[in-house]
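The two complexes that follow have chain A in common; it is paired with chain B in the first and with chain C in the second.
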Partner chain A sequence: MSTTNIPTLELHDLEVSYTVRGIDRQVLRDISFSIAPGEAYGLVGESGCGKSTVAFAAMRYLPRNGKITGGEIFFEGKSIVEIDEGDVAQLRRSAISMVYQNPSTALNPTIRIGKQIAEVFELNGASKSEAIERAQAALVQVQISDPAQVMRRYAHQLSGGMAQRVVIAMALASNPRLLVMDEPTTGLDATVEAEVLDLVRELRRDTGTAVLFISHNLGVIRNMCDRVGVLYAGTLVEQGATADLFNNPSHPYTVGLLRCIPRGGLHKSTDRLDTIPGTPPALGTKFDGCVFAARCALVDDKCRTQPPQMVTIDGAHVARCFHSDKAGSLPRSVEQIEYVPEAKGHSTKVGDTLLDISHLSKVFTQDGHRIRVINDVSLTLGVGETLGLVGESGSGKTTIAKLVLGLVEPEDGGIITLDGKGLAKTLNRRDVQDIGGIQIVFQNPDQALNRRHSVTRIVGRAVERLRGFSAQSSIKRAHELLLGMRVEASLHGARPVQLSGGLKQRVAIARAFAGAPQIVLCDEPTSALDVSVQAAILNLLVDLQKQDQTSFIFISHDLGVVRYISDRIAVLYLGRVVEFGTSQRVFNGPFHPYTEALLSSVPNIDGSTRKRIPLTGVVPSPSKPPSGCVLNPRCPRKEGSGYEALCETEEPNLTEVEPGHFMRCHVPMAKLKQLQS
Partner chain B sequence: MTDETSKQTKQMELSERLAVLKKNKAFIIGASILAFWVFSAIFGKLVARYDQDFADYESISSSPSLKYWFGTDSSGRDVYSRVIIGSRIIIVISFLATLLGAFVGASLGLTAGYLKGRFDMVLMRILEAISAIPVIIIALLAVAAIGRASSVITILIIGIIFTPNVARTVRAAVLGESELEYVAAAKLRTEKTAHILFREVLPNVLPTLIVEFTVRLGYAIFAVATLSFLGAGLEAGSPDWGTQVADTWSLIFSEIWWPTLFPSLAIASIAVSINLISDALLEVFEL
Partner chain C sequence: MLRFIVKRVGLSILTLVIVSVIIFLMTSILPGDIAKQTLGRDASPEAYEIWNKEKGFDKPLVVQYGRWMGGVMTGDLGTSFKFALPVSEVLGPAAAKSAQLAIVALILIAPISILGGIAAAMNRGKKVDRMLTVGGLSAAVIPEFVWGVILILIFGVVFRVFPVSAFPNEENPNLINSVYHLLLPSIALLFVLFGYISRITRAGVIEALDSDYMRTAVLKGLSRKTAVFRHVLRNALLPTIAVIATQVPYLVGGLIAIERVFNYPGFGNTLLKAVIARDFPLLQSAVFLTGVVVVCFQLIADILFAVLNPRIRQRVTE
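Presenting the complex of A and B:
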């Protein structure tokens, strides 16, 4: 901590507008906060609330159509709103650095890593050879092993986590007094995210740099920041020390946001997720009263007509609400659906095995290399049950979904049976009933819905093809389905472009249910959505399952979501199932070492700290899997288990370690239990 | 945020894009010029001042004047009227030729881009071979073979020669589109390949196709003019611009420049107008 009292960054009543199609639209209103030297300030909010605009404004780096229309920005006590471009450049060169969300686009693909980092040092006056030396030292600082070798590589030769480390090294090269990090770990796998966050924490301790940390992920913010500001519709609605704000949220929006998240322990069978009704206001909306009034359960006439000021809750903890005292007891908002289930022709009952996958493998050939992306996967799914698939990117989750759907042909020997009936390997050899019986909700509704077709057509056509209805009754059923998914009738003629992300995903879900499916695969259905929308979509899926006894295969990298919605969970690593069991068993242990590492890497929203079990090294290429157990080079439990030799030479089988709990590990369960306690 | 905003512009509605297009200066100028020529092509007789074959033997090769705006040619025919009336032939032929090329090219490009694999490989190699053939030589050979120039043959030749370019452009767009999940979604409701190609994918590559069409149309105008200049494009005696230039260019050396200049300017103006339009479309559709 520095001894001066001057904050590194101070925003005072900042207002920013964007000019969109000739009209000025205000995106930030009355933003005031300050960051002390050495402090980490977190800015959290949903997409479109203006988080990144704050960051860009603080760096005087607004897009060309953006301008500061009011207020002040002070950097170390000096106003930077009016200074000219030359001074701004000087500031960015020597005092403020930024780390963006996507490291692969932040690096120049044509320049070697070493040279890119060295350039920053040269810019600050170092000689060529000195700059190279310091670049290497910078890589050591961000804990990259074998920095000399990494310096010679190009950006595409780095993994996501490595690339982000390099970006951080570049940002730190100028020895900045303020580091702006905009969603620095979004898009990275959980274990990599945890490593990058650890690194940032350590660097902050060593360098004493002030950090403005922007994220939509409340768990990350909670674990990284000293103080937090909650942004809604371009307005700071609540601010305070991290623990105060999370333990005693005092703005209805913060309360709602925290309640939306499927926190540890919540399960669909007993808990329903809260949602925040309505949608965030469009860019540039004008407000007479409180920005959150339209979605707030505590709203009264005063809120609608009079803009609230910040009220002190407790010391530095402030909230912009007339009813901050009542925020904690905000009524729960739980929406219901009016879905009309269809009588199904199958005779199964809840609990019976519906889908049986056995010995499924898939080999892709790339540049002459055979890459075994799925290796001997066997799973079962019961009627009305949800099977969660978790694993890091590249573990084969989506490929399994495609194999089940018949979009990709499995290798010989793999068998998929639905309701006791063997399914053809590819889609064009399956009959309509089989195809309609297994449907999917894709991750990205922008790509999954044809942007040239209307909502009615998208759903109606699916009904027509899969159910054999006439065109007219298909449209009728499509409207029924859409209304059941809470897509209003006025939107049925709209194109996907005109809908919000959540509505698009509802349309995609309606389409998946068009053929009265027995199984719906959900491939990261909520990862492109904000948490409040995510909660509503999860509730919808759970309701549909209850009414229709539909089974789900739910793919997600978000362990909280998977835990909430799944009955059983399969953990995948390098195309293999390493652990398979009930949600309870998988999350409460004893764990497979990989599962253990994965779980420990998730930042906890309740602020509890736990020891992180690191996975060392990088995910090996599936074209050259390690000998023995594929996890062994990275396994956190191999050393000292007494099974090292076996782990390195022989691949373990998936064995039932206790009733209904399968693991692929040489270390016996009793030993694992002992190591993990 | 910037990601969000750029995503939003990419997803602009067609009607919004058209509104932007209407404000585009290049588009306004190009469309006005083209509109003039299309009007002349349809209602040529109204715009022209004399019949195309009317000859004033009193004033042969007279320079531009109030009576004959663009002067008269060596037969005493009004150059202005012949330029106006000549627009019909060149516009109709280049439009039909481009339409043929666009239709065949788009169908092949869609199929190749969607099916990929061996079909794509073989088809694209064949198309590459076709695009290596020079238009003019083929046209001259055709004239030699059938003994006379014919507009139908010209349309066929230009159409076939344009097919590979259109096919390649459409294929590239389809390659990207067919990876998107709405295609998988269509397969998962048992749609036939033809339906996926023409009802699902085609509407999404239509902007690309439209731009490619206008670019090709510009080239077609040049090709038709060149062929008729060489006497290999159209039936003998057509009042089209290429033939007019061919008939009169030698007079330039006698300082009679007007019967050559005005049809040439007409060719240039229509080619420029189409290029302005295609540039504007490229910009507005962000291709």
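Presenting the complex of A and C:
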């Protein structure tokens, strides 16, 4: 770390406005913070709070309708607000770089990777051949395997993780003194995220670059940053050293955010997640008092009329709150639902097996290759139970959901029974009762709900079709369902576009419950939502389950969420179940080596350091699975287990290692336990 | 890639076969007795019968179609009733004339429309953009033959800077003189196509300007100009070129009216004469030739799309 006192980046009372329909709407207010050379500063907050605007303002790259209306941005002591485009370009060429959220779209689709990286070196005066050489060296630096080959590829031929490495290589090519990272790992698998974060950590150590790190993921921020700022409605509400802020959150918003997260150990059976009531203010809202007043449980008259200033909590830890001393004791926000369950078609009681999947396989044919995406999967789901499906992308989670729904036809030999009755393989051969009995909630309600229909119509139609109600009673039931999901009556005539993401997902859930389902498949239902909204949706699902014993199959890449909501968990790798057991067993170990690696890759929000068990190499293509155990080339526990030869030649079976706990591994459980302790 | 091209060519041939059947059936069910038309009302019924026999019109439709297609394959398109010449000798020179006009028009239209589209996109929402967009669309709603008449009136009659006919009245006109004569009809076509092509270019450029990779390019430190040249134009224009290829068939249609207005002895004029004279062999072959041109350019456009886009190129290669 440098000893100079001049910060690399300093924002001073920065104000930014967007002009929307002729009106200036303020998006950032009085933002002040600084980043010292070599320091990593994290910025957290929910979507729409202005995080990315800060990042782009620091790059002097605001949208066409955005402008800096006040304050200063200093880079190494010099203001960059007023400098002209040429100087800005010079700065970007040589001193400030950026890494983006969607690496695959950030790369030009028609130019080879090598050329795109080389461009940066050429800009800084390197000759063509020299630039190419250095581009390859840059790829080596970001630990890409086979860089020479990657140089010749196009963006679409890279996986998300590789694309992000390329973007990072490009950003580092100019030897920047400031690196702005805007949600660099959002959308990547947990294992890939962990690798990218490791890489960033190493590069920081080697280069001493200052980093502005933006993320909605508190766990990532906690693990990556020295200091943190919390943004709400374009205002910095709390700032401090990472450990101080996480251990002693002193703004009600920070406290609320941290409480929303289903972190290690929380489970639906014992813990209810907190939510932050209300919704974030619309863009450009004007405030007389505190920006958070409308949603704060500690609010009083002073908060509503007088804007609070930053107060010192402890040293450099500051919070913009009149009641920061009471923030830790913020009352919990608990909401209840008024859902009226309907009598279901099944006679079984809680705990009985409702869904039985046995020997399910699916082979897709692509360009003459047979790709076995699901390989002999057998699972059971009990009444009123939640089965979590986890695994990296491509592991077959969504295909299993599609097979259960009948959207994809399983290969011969696969049997799905619901409540003891065999289900037809495809949807068009199932009767209305079976169709209504298994419903789905998708990740993106925007695409799942018909934009042209009102909320009532969306739900009412499903009731009509699946329950055979008359038009009138369908509408009545639709209103009941919507109210039960806490969608207010005033919104029942609205179209999806008029609703927030959380409300849209509530409508989607109401639609899924229209047919009085026995099973609801939830495919990443909260992945597109902010943590506070996610908590509310998870609470809703848990309440629904308690009231009418609906069973869930819950798919998510967020292991914390899956752990919270699931009774049993199946871990998938390359279309195979590698571990299956109760939530507690799967998360507490002894683990299957793959589960172990997956769990260790999740950034821990509690700040406890844990050794990461890396998975080496990439996920093999399901068209050419490795011989023996499919995990063996990447397995962290193969070497030294004494079973290497067996692992490489014979595929292990899914065996019951202890009552109700299944594993697909040659290494016996006692040995795994010993290796993992 | 080869597989993709072979597949596309196969599909094109299939399209042409279907087109040929439709053309054949349509010309066969056209009202009016051809024999009567050709020989006149006063000829004897026997004369009609002999004429029909001679031309093969007494045979079943399938046989007639087979004969026509067989002729198309071997280059023998039959004999024009009106001109009493082999159809190929009538159509060949006319098509060559039309091709000259189409080439001159394209050389004029493509760069001007593309530049217009780029200018509009770069000045999105500003006066230049609005002027180009509104102007282009307004010009496009007026049919090309009306433009032709207006242009002839202004530049041919009032100012007398351009000839009113598109065809030089000399024995062996030189290239410059030929092109000079073709300019006015080309401008008429430009007015009609500018709105469309510039609009597509504009959309392509705007999409590329708003793309994440353009943002990357700018944030790498490229000047806006360089970023636009290296990252936007390539991605935005290559598809536009393919779109222009799909517009060539339209040009052929536009030519029919334009050639009439400018009294140009091209393909369109010939087609028109064939219709009026119910010159079946000529009409069938002329319409079929139009079909061939349309399908060929569609094929070229498809292949261009694939070649220019690495994503598609990759997929079709694998």
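To be clear about the criterion, the second predicted complex is superposed on the first by the 676 of 677 C-alpha atoms of A that agree within 3 Å, B and C clash if a C-alpha of one lies under 4 Å from a C-alpha of the other, contacts with A are read in each partner's own complex, and residues count from 1 in each chain.
To be clear about the criterion, a residue touches a chain if its C-beta (ideal position, glycine included) is under 8 Å from a C-beta of that chain, and two chains touch if they have at least 3 such contacts.
Just so it is clear, the model here is predicted, and its values are computed rather than measured.
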{"item": "Which superposed partner A:F364 touches (first chain B, second chain C, both, neither)", "value": "neither"}
{"item": "Which of chain B and chain C A:S94 touches, first, second, both or neither", "value": "second"}
{"item": "First (chain B), second (chain C), both or neither touched by A:Y61", "value": "second"}
{"item": "Chain B versus chain C as contact partner of A:V120, first or second or both or neither", "value": "second"}
{"item": "Partner chain in contact with A:R495 - chain B first, chain C second, else both or neither", "value": "first"}
{"item": "Partner chain in contact with A:T110 - chain B first, chain C second, else both or neither", "value": "second"}
{"item": "Partner chain in contact with A:V432 - chain B first, chain C second, else both or neither", "value": "first"}
{"item": "Common ground on chain A, meaning residues reached by chain C in one complex and by chain B in the other", "value": "none"}
{"item": "Sites on chain A touched by chain C in the complex", "value": "59, 61, 85-86, 89-94, 97-98, 100, 102, 105-111, 119-120, 123, 154-157, 167, 170, 174, 367"}
{"item": "In the complex with chain A, residue positions of chain C that touch it", "value": "211-213, 215-224, 230-231, 234-235, 238, 308-311, 314, 318"}
{"item": "Residue numbers on chain B that touch chain A, as the complex places them", "value": "1-5, 7, 11-13, 180-182, 184-191, 200, 203-204"}
{"item": "For the chain A and chain B complex, residues of the former touching the latter", "value": "18, 47-48, 50-53, 56, 63, 101, 405, 407, 427, 432, 435-436, 439-440, 442, 444, 446-453, 461-462, 465-466, 495, 497-498, 511, 514-515"}
